[in-house]
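All chains are identified by letter, namely A, B and C, in their written order; residue positions are counted from 1 within each chain.
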Amino acid sequence: MDSIPFTADKAVARNYPYNCWWVAAYREEVGRSLLSRWLLDTPVLLYRTGAGDVVAMEDRCPHRQAPLSLGVLRDDEIECGYHGFRFGASGRCTHVPTMAGPPPISVETYPVRECGPFVWIYLGDQQRIDDVPPPYDIGWPADPSFGVRSGHIEVAANYMLLKENVLDLSHLGFVHAKSFGITDLTSPPQVTTEDETVTYCQRFTEKPLPAGYALALGMEPGVIWNRETYGSFVSPALQISSVDFRDPAKPDSEPMGRIRFCHATTPIDRTRMHYFYMLGRDHARDDDAMDIFAKVIKIGFAEDQAVLEAIQNFANRSPRRGSSGERSVKADAAGVHARRAIDRWMARETIPTDAS
Amino acid sequence: MDSIPFTADKAVARNYPYNCWWVAAYREEVGRSLLSRWLLDTPVLLYRTGAGDVVAMEDRCPHRQAPLSLGVLRDDEIECGYHGFRFGASGRCTHVPTMAGPPPISVETYPVRECGPFVWIYLGDQQRIDDVPPPYDIGWPADPSFGVRSGHIEVAANYMLLKENVLDLSHLGFVHAKSFGITDLTSPPQVTTEDETVTYCQRFTEKPLPAGYALALGMEPGVIWNRETYGSFVSPALQISSVDFRDPAKPDSEPMGRIRFCHATTPIDRTRMHYFYMLGRDHARDDDAMDIFAKVIKIGFAEDQAVLEAIQNFANRSPRRGSSGERSVKADAAGVHARRAIDRWMARETIPTDAS
Amino acid sequence: MDSIPFTADKAVARNYPYNCWWVAAYREEVGRSLLSRWLLDTPVLLYRTGAGDVVAMEDRCPHRQAPLSLGVLRDDEIECGYHGFRFGASGRCTHVPTMAGPPPISVETYPVRECGPFVWIYLGDQQRIDDVPPPYDIGWPADPSFGVRSGHIEVAANYMLLKENVLDLSHLGFVHAKSFGITDLTSPPQVTTEDETVTYCQRFTEKPLPAGYALALGMEPGVIWNRETYGSFVSPALQISSVDFRDPAKPDSEPMGRIRFCHATTPIDRTRMHYFYMLGRDHARDDDAMDIFAKVIKIGFAEDQAVLEAIQNFANRSPRRGSSGERSVKADAAGVHARRAIDRWMARETIPTDAS
C-alpha cells in the first residue's frame, strides 16, 4: 500500500473541509445560556431562543470584536458585554445604546440542525450547502431498546488522527489490552467503499468471546460464539461502529446482542479537536451495568487520547525527519481510503461555484 | 462611519511609534536598585544615580547579552553580573576586569525626563527627538487640593485596545454597570480634534447624579445636578479624563467637585501593555474615602482588562474571519480619530531625516 | 577583536553540526528500559539489548508516528504501543500483528559508541561518519586515583552559550563569586589552537590559593602556591577543563593535586540543551568531601544556568536591537575561536559527498 503523507506533520495546513456539516454540541448542551466553542478555527456562540430554536453565530461582536459570549441573553437577543450592542437570532443588530435606531450591522450566523443527539453546524460556503450530505442520523440513541451514554473530551491532536484510530481496530490489542481486553483483532478487516463512505467489517465465527462482551451478554467468558465488528467513515465529521453478537447455531438470525458507538470529531483548529462520543447497547442496560460500560470506555478513550496527543506533540516540535514518512499496511486500508475521501472533500471546496 | 481595520487582528504589525515619549515608570519606582522593564519590545534597565538622576539603558550587556539587571549597581555604574564589565550612566564601558583600560564599548542609553508623576522615556530616533511633543504634565497630581491614587497593571492586549476603551465611555453601562453604577452614558459625546489631540465631551445638564458621584460629594443619590465628562487622547502614550460637577443654579461657576484620571499605556510588545493609571478628586479626600474610591476603580479596571484580554486572546488564536471586520458607529468617533492620529504618528516615522 | 554575530539571537538557525559525535546519555542511564531523549531536534529512543549493546533509533514508529518509547521492550525488540509493530535492534520491522510476515519497513537507527562515561551518538550523514573525529575519551573518570561525580541538567539556552561560558573563566569572579570564591581570574588566558581544538591556559605562579582549593588540598587558604587552569574546546560536543596544583619549590614536578571537569553539551533544539557534566579530583576523595565538592559545583552550575537562560529568554522575545550586536575583548579569544571552529564544522556539512 502506498505511503500517504502524514497527517500530524502537516498540522499547519488545513485538512478539514468547511463545506461539511459538523457536530457543534450535544442538543442538551445548548439552552438559554451562552455556550462559546471554537469550531474549525472559528469562535462560535450557541444558544436557544425562547421558542427552542438553536442559534449559532460568530462569537465576536462586529463592532469591536469582544466575544459575545461575555454578554447576556435578553429574550432572544444577545447583548454584547462591552458596549451593549444587541443582535437578534438572525444576526442583525437590533439596538445600539448610543443610537436612536439600529445601524446596518450584522454578526455572521451559521445554519444549524438538530439531528439525533447532536446540534450540527455548517460553517462553509452558503451557496454550496445543498451540495453536501445532510447531518447523519445515527438512529440508535433514540431507540428505547438501547442503553445510551455519551462523553465529550478535547483532544490536542489533529482530528484525522482519531479518524484513523477508530478505522484500524488492531490497536485494541495494544493501546487497550488491559482496559478492553479484546486482543483478537489480528486480521485486517474487509474494507468496502461506497461514494465517500468507507466501511470495514471483521467477522469472528465460532470464536471465543472476550470476557467484557460475554459478561454483559450473561455468558461465560470465552464461550464459542459469533460476532461481527464493523464500522463506517460516514463523513469527515462522523464515524460509527458496531458489534453484533449471534448464536453460532443460528448464524442468520437477528443479533441477540448489539453494541453501537459513534465518534463525532470536530476540529477546534489544526492541532486540536472536540471528540463527542456515544456508546449504546441493547443488553445489560440497567444503570449500574451502563455505568461500568461507560467507565471502561472512558478509560479506553483516555488511552487513545494519550497516544494521539503524543503523536501530535512530537509533530508540533517539528522534528528533523529521520525515517521516510509513514508506511501503511493492509490493516490501514480503511484509514487510507478515508484520507483519500478527505482529499476529495478538500478538493471540492476549491471548485468555483457558478455564481463566482 | 468608515470601517477601520481592527487593531488586535493586526497584532503582528507594530502599531506604536518609537518616536514618542512614553511612560516608563512612576518616579518613585526608580531608585538605587535595578528595575528591568520591557518597553516597546526593548528590554530597559532603569535606576537613579547617587545624585538622583534617572538613567535608562538597554538591559543587555553589549559584550555577551546578559541582562544588566542581573548585575549590581556600584556607585553610579552598572556591573554586569556575567563577566563584570562596568558601564557608566552615559552607557560607556568604564572597566573590564581582564583589561588595563576600558575598551570602546557602550550600551545604548535612552533619554528620560521626569514630568508629573512619571519617568518618561524616548526610545526613538535621536535626530527626531525635538520634533515630537515633550512629556505631558497632567498637573493635578501635584495639586494639594487633590487626593491622588495610582496603579500599574500589565494587560495582555495591544495598547490601542485600552485607548479605544477610554475614548468610548458608553461601555460603562455594560462592563462596569455594577462596579461604577454609571449607566447614563447613552449618547455619543461631542468630539473635537486639535492637531493630534482628540477630545470628547459629554454634558449632563440637570440630570440625576449617579450614587457614587453623589455620595462622594455629600449629596443624595439621584439629586438633579450638572456634570460634564470629558477627556483627551493627548498622545499615543497618554489619555486624560475628567468629570466636573456644578450646581445647576450656578451653571457657569467653577466646578464644586472635580474628578481626574490619567491613563498612560506603554506597549510591552504587540500584544501586551503596561497600564499606569492615576485617579484623583478634590472632594472626599480623606484616606478612608480615597481607599474606597481606589478600590472601586481597581475593580472596574480589572473588568476592562478581562474584556480587552478576551478580545486579544481571540485575535491571537488567528480565527477564520467570519463577519466583515469592525463596524464603527457615531460613539466611536473619538476612537476612530485616535486611530487616524496613530496612523499619522506611524507615517511620520518613515520620513527620512535630512541626515539619512 | 572582531564582533561576531550573537549566538542566541540567531536561535532560529541551526548552529550545531549533524556530522559529529554527540553525547546521548551516561552509560548507566541506558539499560533494559526505554529512554526517550530529544537530541539535535530528533526524538531518539535508547535501550540495551540483552547482550548489553546500546541501540539508538528514531523514537517514532514509521507506521503511524507513535513514539516507540510508549511501547515495550520484548527481548531485544521494541513493540510499538499503538498497533504492535515490532522492530529489531537493526531497525527492521520483524512483526506486524495483522500480517503473516513482516513488511519491508524500518525505523532509522543511529550509530552509537560507548566511550568513557558516555554513550555517544552520530545523527549525521552515514557516508561522512569516517570523516569526523571519533568520540573523545576523557580518561580520568576511569582512573581509580580520581574521585568522580556527574550531573545532567536541561538548560533552556542554545548550546553555544555554555561553550562560551566555560571558555571564558573571568565569569567566575562574578557569577560564582560566592559559590566558588575564585576571584583572581582577571587576566585573559593564553589561547592556542590546533586543528579544531581550542585551548586556553592560565598560570598562577606563587599566588595565594583560593580557600576552596586550599582546604581540599589540606592547606591553609591563601597559601602561596602554583596552580594552572587550562581547558579545551575538543569538539562541538565536548569541552574539558583542568586545574593542576604544584609546590612552588618544585615547579617542574608532577602536580601534587589535580581537578578535572568535562562539559558535554548536546542540543535538544535551537534554544535548549542537555548539559552532562563530570567533575573529579585526585585528592579529598572520600565520600563526604566529594559530596561537598559536587554540591558546590551543582550550585555554581545552577548560577550559570540562570544567566544563560536569561540571555536566551531575552533573545527568544525578539527584542528590538538597541546596541550594535556583541563586542568581544581579548578574554573572549577562546570563545571566538570556538565559534569559528563551529562555523567550519557547519560549512563541512554542506560539501557534497562523491556519491551525491
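Simple rule for what comes next: a residue touches a chain if its C-beta (ideal position, glycine included) is under 8 Å from a C-beta of that chain, and two chains touch if they have at least 3 such contacts.
Since the model is a prediction, treat every value here as computed from it, not as a measurement.
Novice: If I superpose the C-alpha trace of subunit A onto subunit C, what rotation angle comes out, expressed in steps of 5 degrees from 0 to 180?
Specialist: Result for this pair is 120 degrees.
Novice: Interface check for copies subunit B and subunit C. Shared numbers divided by all numbers used: above half gives same, below half gives different; which is it?
Specialist: Different-residue interface.
Novice: Whole-Å distance, subunit B centre to subunit C centre, using C-alpha means?
Specialist: 47
Novice: Two-or-more-chain contact residues of subunit A, please, as numbers and ranges.
Specialist: In subunit A, nothing touches at least two other chains.
Novice: Would you pull the subunit A residues touching subunit C in the complex into a rising list?
Specialist: 6, 8-9, 164, 168, 170-171, 173-175, 186-188, 306-307, 310-311, 314-315, 317-320, 322-332
Novice: Considering the complex alone, what residue numbers of subunit C touch subunit A?
Specialist: 38, 40-43, 58-60, 62-67, 70-71, 79-84, 96-99, 103, 105-108, 269
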